[in-house]
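Note that the chains take the letters A, B and C in the order they are written out, and that residue 1 is the start of every chain.
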Amino acid sequence: MTLLKVNNLSKEFGGVRAIDDLSFTINPGTIHSIIGPNGAGKTTLFNLITGVYTPTTGSVIYDDEGVTGFKPYELASRGMSRTFQNLQIFFNMTAIENVMVGAHLHLNRSFISSFFGLPSIKAGDANCRETCLELLDFVGLLEYADTDTDSMPYGALKRLEIARALATKPKILLLDEPAAGLNPAESRDIDEVIKKVASRGITVVLVEHDMKMVMEISDHILVLDYGRKLTEGTAQEVRNNPDVIAAYLGG
Amino acid sequence: MGAEFLQFLFSGVTLGATYALVGLGFSIIYNASHVINFAQGEFVMMGGMGTVFFLGLGLPLPLAILAAIMLTTMFGFALERFAIAPARGASVVTLIIITIGASIVMRGLVQVVWDKEFHSLPAFSGDDPIHIGGATILPQSLWVLGITVILVIALRYFFEKTMMGKAIIATSLNRDAAMLMGINVRFVLFISFGLSAALGAAAGILVAPITLTNFEAGIMLGLKGFCAAILGGLGNGMGAVAGGLIVGIAEAMGAGYWMSEYKDAVAFVLILLVLFFKPSGLFGGRGTERV
Amino acid sequence: MMNLKSPRTGGLLALIVVICLLPLFLDNAFHYEIAILIAFNAIVCVGLNLLIGYGGQISLGHGAFVGLGAYASAILTMNQGWNPLLSLLAGAIFTGFLAFIIARPILKLKGHYLAMATLGMGIIISIVLNTEDQHTGGPDGMYVDGLAFMETQMYWYWFVGALLTFSVWASLNLIHSPIGRALRAVHGSEVAAEVVGVDTTRFKVMIFVVSAVFASVVGSFGAYYSNFVTPDIAGFFHSIELVVMVVFGGMASTFGAVVGAAILTILPQVLTFLHDYEHLVFGLILMLTMIFLPKGLVPSIAGLFKRGDKK
């Protein structure tokens, strides 16, 4: 039973094939990594799966439903969530407010209730705040709850994005380079968080350059090069694959 | 029928040339600083009103024109130095309001230092209409068209062949890279504003003999010049020129063949159409946002 | 948001206190006229601030919505003999509907393009109001009957005071709700908002319509109060005035919008003694404030207190 299936996916940007005839599957409850040299198309792939880009050809099947061309918010309501390589934090809000936005689909969104400030809104928000504080604690950011995000350190913001993505109560979480720009200590923090997320039964798909992290936590690795699948398999299989070694060292 | 069409065409092209110059001024400033200069119309107004003033002081027409252009250019420099540069990094809305404030200040100054009356300038080479193909065209219109063509060609040369011009283009493409190449970006901004102001003033002077000028003359002209710039593609100088001509001709045709009361609406309907279907303008390229 | 309740209810109480105590300081009909005008402008600005300050969009054509409400009321009551409150409702529905249709294509644009599109829309509407003179009375405007049960100016004062309080209260409610946070998220990062389930287009359209309806309602009541409407109300200058009030007072601040409306309604009155210098001085004040206090008055002043609090 697969959670996510990508079939013959291709994306062209004016003549450049960023993703070329890519197919793979992701099983539920696994940590699945996507690696490859810079420019291999990893973020483009994420954008295609999460609806930020529309594929030129090919299809995406999520939870047995064809979701090709669905908008990101439609995928969010189906339990897909992600973080961004270039932080997309809501800098006009505090940390906890960022996480509370993540819970958007689970809250009362009635205009009339909001306009008149009905008690159900206040109760819902109070509840939400509690849950979100737990999430901040989960990623180790409880102390920053009411801090303005524009005064938080970079490493903390990377973890905040994860907390926000978790607030959507996802079935599958896509993390785009969660350790990018972090020092070894911060990377270890993120590592721990990812393992905790997976232990909650959430399927994790990871794009990473940090090989140590990837080899250590992944159940399955997909290697991309020039938008195409180079190979896939377990950490052991991939590590020893001569094509992978060549691609990274420049062949 | 043919003569009527020709008549509308002539007035449309004359008007269009004015819009083209105003739009060109917008583009130059937008390119250099990504600021929409809502005071551009006031530069146009200052050209015309300034010339009237200097004529009143006794200067002969060519000197009065020169003085007016120089005065307006000073205002352009002042706007950049005292209003835009200190506000760098402010949001789009804030910058828009700053330039609107500048336009109010300039109208206020003209109102106080000169007056609120309507004025006219003498035509450069007389008022006798010329007859072509059953339609008439004022000699002043030929001046408008001729000078506009000369200015556009001169600017083309300036941007493509001179160091300063190329520096302006480099800054508009990538400000940081330009700085790293040793281009004095602050100076480029400064010059751009001055150049735009001078262009605006020229437009105002060319047109003043045909239409009357007063302290409020810049408002609609500015807005329509803006439409010309958007039509052609914000930041595309030649596009602005083409846009100006299109707006001018469409206005004249619309007023002549359809409803003259809705003449002013034409420019704005055109930009709504462009913005809905091709926001980058008729001659603008396409872009994608990187996530 | 327990700790945010204090400034929120505090601000609301302060507003109510000001409205109740102000009559002690107002001496004549002209003073009351200004106060009522401030309230009208403030209500439009509170709505516009939701769009500009919180939603991060821009509109340089909102005067047109005020004008549509005003003329809907004028035309329906005077030319068609409708009941004034029904006319107001019809105006609000029509304006809301028009805003809804325009919003979708316009709000796909961003930044300068959005500014220009709203500008174009506003100017076209004002030109139509100016030109269709057999319905609208043209540039000279038209006379409008007042509301029968509003017998004196004082009635109007208390009524718009209450309406303003209600608008501020409702705006604060919206901000401090999931919808409000989603709106701010759209401003913060559209793509991230989409990814957590916010249909950003729908939200932008919603807030555009809400702010348009605020404007329309004010336009209608304003017409009944002044007994007169002219196309200027829908024009470019009025639209710009409204944006300036919002930005001047402080974007993403409901009370900022009220303060901005108050100051910028009073300022021209105060400056009239300068006669011809009025515009010059006004323009200079505008420029200087925007250059040195780009966030607007209320957030900049609040920022000073915050810095005092931080250890």
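Here is the rule we use: a contact is a pair of C-beta atoms (placed from the backbone, for glycine too) under 8 Å apart; a residue touches a chain by one contact, two chains touch by 3 or more.
Here the structure is a predicted model, which means the values were calculated and not measured.
Comparing the centres of all chains, each the average of its CA atoms, the largest separation from chain C belongs to A.
Chain centroids computed from C-alpha atoms place C closest to the centre of all protein C-alpha atoms shown.
Averaged C-alpha coordinates give centres for chain A and chain B that are 49 Å from one another. Taking each chain's centre as the average of its CA atoms, chain A and chain C sit 40 Å apart. Inter-chain centre distance (chain B to chain C, centres taken as mean C-alpha positions): 32 Å.
With touch defined as above, residues shared between interfaces to two or more other chains in chain B number as follows: 291. Residue positions of chain A touching 2 or more other chains, listed in rising order: 52, 84, 88.
Shown for chain C are the residues that touch two or more other chains, namely 191. Of all residues in chain C, those touching chain A in their complex are 1, 3, 169-170, 172-174, 176-182, 184-185, 187-189, 191-200, 206, 252. Within the complex formed with chain C, the residues of chain B that make contact are 30, 36, 83, 86-87, 90-94, 96-98, 100-109, 111-112, 219, 223, 226-227, 230, 234, 261-262, 264-265, 268-269, 271-272, 275-276, 279, 291. Those residues of chain C whose C-beta lies close enough to touch chain B in the complex are 52, 58, 60, 105-106, 109, 111-113, 115-117, 119-121, 123-124, 127-128, 131, 191, 236, 240, 243-244, 247-248, 251, 276-284, 286-287, 290-292, 294.
Across the complex, chain C is touched by residues 50-52, 71-73, 76-77, 81-82, 84, 88-93, 97, 100-105, 107-109, 111, 113-117, 121, 124-125, 128-129, 146, 164-165, 167-168 of chain A.
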